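In the part that follows, the structures are each spelled out as structure tokens.
Both complexes below contain chain A, partnered by chain B and then by chain C.
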Partner chain A sequence: MAAKTTMRTSALGARAAGYLFIVPPVIYLGVFMFWPLARQMWMSLTNTTLARPNDGVFVGLANYARLLETPAFYASLRITVVYASLAVLLGVTLGVVSALAINRPFRGRAVVRGILLFGWAVPNVAAALIWLWMFNERSGVFNKMLLGMGFSRLRWLTSIDWSLPSILIVTVWQVAPFVMLVTLAALQSVPEEVREAARVDGADPLNVFRNVTWPHILPSVQLAALLVAVWSIRRFDIIYLLTGGGPLGSTSTLVVKIRQTAFEAHELGIASAYGAVGLLLALLVAGIHNLVDRRRMRWVAER
Partner chain B sequence: MPELVLDTVAKTFGDTQVIRSLSATVEDGEFLVLLGPSGCGKSTLLRMIAGLTEITAGEIRFDGKRANDWSPRERDVAFVFQSYALYPHMTVRGNIAFPLVMDAFRPWHHLPLVNGWMRRRRMKDPAIAARTDAIARQLELDPLIDRRPAGLSGGQRQRVALARALIRDPSIYLLDEPLSNLDARLRMQMRAEISSLHHKVGKTFVYVTHDQVEAMTMATRIIVLDKGEVQQIGTPDEIYHAPANTFVARFVGSPSMNLLTVDGEGAQLRISPSLSFAHGEAAPRAGRLVFGIRPEKLELRPPGEGPLPAEVVVVESLGAEIVVGCRLQAGGTRDHLIDHDLVFVRRPGNERPALGSPCSLSFAAGDVVWFDAVTGLRLKP
Partner chain C sequence: MSALSLILGFLRAILVLVLVAVAGFPIYWMATTAFSDPGQLYASGQVPWPQPQYFGALVAELEGLPVGRWMLNTLFVATGTTVVSLLLGSLAGYALSRFRFHGRGVVGFLLFMTQVVPEALILVPLYAMFVALGLLNNLLGLVLANAAFSLPVATFIVKGAIDAIPYEIEESALIDNCPRIGVLTMIVLPLIAPSLAAAAVIAFFAGWNEYLFASTFLMNRTLWPASVGLASFIGQYETPLSAVMGTALLFSLPAITFFLVIQRRIVSGLTSGAVKG
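Moving on to the complex of A and B:
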């Protein structure tokens, strides 16, 4: 009986210890994440301005109604979606292809891997400045190359047609190495015996890839894609430094738009509404990932 | 496929020589076991036969044709891996049918969209489905056909791996320690199943193992390997009763053959200065020799009755039989125990002699196997 009581207390203690351990992160996240988030959500329902940040009056969904009437909002939403999807598509494809290329042993592999990882290692601001220089219309290396090949100069960052592609080039340059790194790690854990079994079973190299390698690295690639998508939705530094959202709003994603509305138009309420839409978008992506993941994981749990 | 010939085959990885010039012929329909301790090159040899590892020197001939550069598919082999190597994302059906699906594959099926469509068509193909079902039923996998490998036990996975090997009806089955991940009971059961499978399909099996019991029970012929060199090729009986050298004598049999280094002087054999014993017949030659005898050929007797005085040190009862480990004694007193490997005696029944009790060992002269003390080779009688 006594032993039973002790056991029960210790079980209780173990459970309490569990909660105790998650208290610090919960406090941290609560203070620095959930509280600001809740405040922002509340702000999106008020007419707060930058001049009087604490005197907002509750206006219901008026801010959202205004958003839905603004063409610039739809443009911004469209740019965000296009930018994020292309960043995922190109970044992940390039990352996976380079991981596959670099996974085979060859002379100078370490050097090539170092070079390929460079984009990921450079801090965003430094990267943006480097690219700003290269994209420069007069003295940039790209236009020099174009001229050298007999083409005319391109207005990389200052034309409506080229600003988004230019930013995508920088984004992919930064994101692909990360995808490559994740994929490379997954590739190194592909069981060699299963690959050999497929060879014995008569699979050609492409079929070995399709039936053994690809299913094995898919979860990692998918996770990398999710991260790239979320990062792209909230990317600010590169876009802001390269184009500032221009020209004519052609690279103005939701995040850039938030800054504009909050600190140039001083409308914190509307900026918060933009933020809420961005959050919704990120949640949507995470939800899709979760759904796909769960469908794929079903076979692991299957008994 | 009547014949597989290995002609002075060698393999080196960098500076390490794994297999030094190995020659052997595998007859049609035989169950050949490659037996040896870990690191002896037996798995490498099997992988070379399969075409998974390149051959450094020498030649492999399938049916008289040089096959060094053939792909595994061209060799028409099936390979069962130690880890089973199942495709984790495919169902049991998908795993078993995979070789047939690959057979039906044409290069243009790689085109996007065509690929998925063709695969679905292949899986529905009545011929493939019928064959898959038949093999699954043969190995009692039909209730598991829609499960995935993660949901199967070790023995069931092993069966799926066998089914995948069976489905294409290859000319040679290559098995790389397929039972080493199973528990003892299941291993015995699968051993019997693989043996009966061999009888049923009547094809050549090449089976790699470090377990001499597996080798003895399943093989029609055994190749004993050590350090990349063939030690002996023979039937299980030959390997057991007439080991070619002391390595084979020690490796095969449990407990292994008792080996004593002796100096022969006619019919008198001296183990140490103070211990010599009478051997029924004259030793094959004078001088240093290794005297070998199987544990079941030794007889445990009361002290003084046998030629070898000893003391009981270890007793292991296995139920139906008993293994007694003895230490030889010099000069008839306990102070003069000779310090060397224990001499093991195996006998039926479960009568346990007391530990520490004195005894003596006797044997029939005809059961002794002689080896050269320097080269370790068996001396022909």
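Moving on to the complex of A and C:
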């Protein structure tokens, strides 16, 4: 509706006024986001080092060629994909299940809903500190519980086998509440008449869910999945603070690699190449989402 | 009521209890650790509930740390990020909602791109730029960097809100020769105040929580926001753990409170524009 009303304004005057409003924010983003981004992409084609950040020489695709020869790069790519995929799978599943569990009114629902949102609302650094303490090998509450149940201690963050699962636990705790909120909002708009009609026709609750509720909330769930995927590819704080990318690189996602290669190995060119791959991955995810979305639109329209 | 719905109802109640326990436990444990005898934490084992008698000791410990200073710095960064994001986000949101100008699609795409760019990816160029501009080791630089990421979110929210109000309201003011910017500030923005509030909360806590830029751009300890100060406790054992968790709690409570109050609007704001641009 809004799109049509806009057209009513005189085209030329409105266009000029439009520029007046859009130019300042665009300049701002140009200076503080896209200029640095362009420089970083350029840097990935040079041999720039942190010691002499302005003296990089153009080396073509040499940095990318070097990445392709580095086992650590493939490891990092694999870790990023595994981490993001599992974050989406587990975060979305838990989020949708939580939403379904608290969708119907019950006594104390507001409080429950609030508590379920804790992981999402707590700042990353504070979350990192409490999880570090809970994961603590000697005195942390998790290992105390394991000992109490007769198991032996786990090296949650310091063993190659457990570091990524531990990071995933924290990640799911943080993202599932967001998925839950998105799903709850979508559930609100499921037409009750349709559900009622299905029930009258003798459909059991599981059937109603599969044939009425799920198709209705699917677009929102898919959007939430996309956001979780992109956030996971971007996520730095939690991983860096909990494990620093270790042990032995077992939690070094591409984004952690950027910072390590730039500020520890001082190789800005290589760091930028890592960044470019990370960006590409995120764009790929967003592209796939848009494709699926469009196909579904067409499918709905054709029906 | 069928047997199946009864069983489902029972399972659901159990599920809710488990979810609450899992989701709430870390914060409960944060509070428990903060209100405990720091000497006991590593040695004999932690008492699994908060002990109010240690409140005084906690306050005394916190007074020995630069927590007040950190919070003030955080407050400055968060407020600055909010002001810049809302000012520019209102302009951009209004332009995108009400005008069809050349390059509109490009702007939409660029805004979408910002949501995909990892902060770590522009860290080094921003660092170099801030050295040149004298913005390194400067809270203002931090504000400018943070706002680049929260401005697009504010834009999406404002655009979505303005899309939903009828244009006729503005038209009458325009006929009376009110300038566009007046229409925006006097008529449109007051109408979308709740959405602006949501955008403000998002921008504020993006600035409040931010760690990567702050830890890279600020060398001077007196400039540290609480996120960097808190992170500096990691791997350092002089500060009692109860004080560390007390600080974490102080730092988290405002974020938790505001996010819970404004949760529904945040979701509609983030999902409406975040992807379509």
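The rule we apply is simple: the second predicted complex is superposed on the first by the 286 of 303 C-alpha atoms of A that agree within 3 Å, B and C clash if a C-alpha of one lies under 4 Å from a C-alpha of the other, contacts with A are read in each partner's own complex, and residues count from 1 in each chain.
Criterion: contacts are C-beta pairs under 8 Å (C-beta built on N, C-alpha and C of every residue); 3 or more make two chains touch, one makes a residue touch a chain.
Please read these numbers as outputs of a predicted model, since none were measured by experiment.
Of the two partner chains placed around the shared chain by superposition, chain C is the only one that A:144 touches, whereas chain B remains out of contact. When the shared chain is aligned, chain C comes close enough to touch A:233, but chain B does not. By the touch criterion defined above, A:207 lies against chain B but remains apart from chain C after alignment on the C-alpha atoms of chain A. Contact with chain C, but none with chain B, is seen for A:241 once the two complexes are overlaid on the shared chain.
Set side by side, chain B and chain C differ in how many residues of chain A they touch, and the one touching more is C.
Of the two partner chains placed by superposition, only chain C is touched by A:177; chain B is not.
Once chain A of one complex is fitted onto chain A of the other, the partner contacts of A:24 are limited to chain C, with no touch recorded for chain B.
With both structures placed on the common chain, the touch criterion links A:251 to neither chain B nor chain C. Once the two complexes are laid over each other on the shared chain, residue contacts for A:133 go to chain C alone; chain B is not touched. Common to the chain B-facing and chain C-facing surfaces of chain A are residues 204, 206.
Contact residues of chain C toward chain A in the complex are 2, 4-5, 8, 12, 15-16, 19-20, 22-24, 26-27, 29-30, 33, 41-42, 45-46, 48, 84, 88-89, 91-92, 94-102, 104, 107, 110-112, 114-126, 128-129, 144-145, 147-149, 151-152, 155, 162-164, 166-168, 171, 180, 184, 205, 208-209, 211-212, 216, 226-227, 230-231, 233-234, 241, 244-245, 248-249, 251-252, 255-256, 259-260, 263-264, 266-268, 270-271, 274-275. Residues 1-2, 5-9, 11, 14-15, 17-22, 24-26, 28-29, 32-37, 39-40, 43, 50, 53-54, 97-98, 101-102, 112, 114-134, 138-139, 141, 144, 173, 176-178, 181-182, 185, 204-206, 220, 223-224, 226-227, 230, 233-234, 236-237, 240-241, 255-256, 258-259, 262-263, 268, 271-272, 275, 278-279, 282-283, 286, 289-290 of chain A are the ones that touch chain C when the two sit in their complex. On chain B, the positions that touch chain A within their shared complex are 50, 52, 71-73, 77-79, 81-83, 85-90, 98-99, 102-103, 105, 107, 110, 115, 147-148, 150-151, 164. If you check the complex, the residues on chain A that touch chain B are 191, 193-194, 196-204, 206-207, 210-212, 215-216, 299-300, 302-303.
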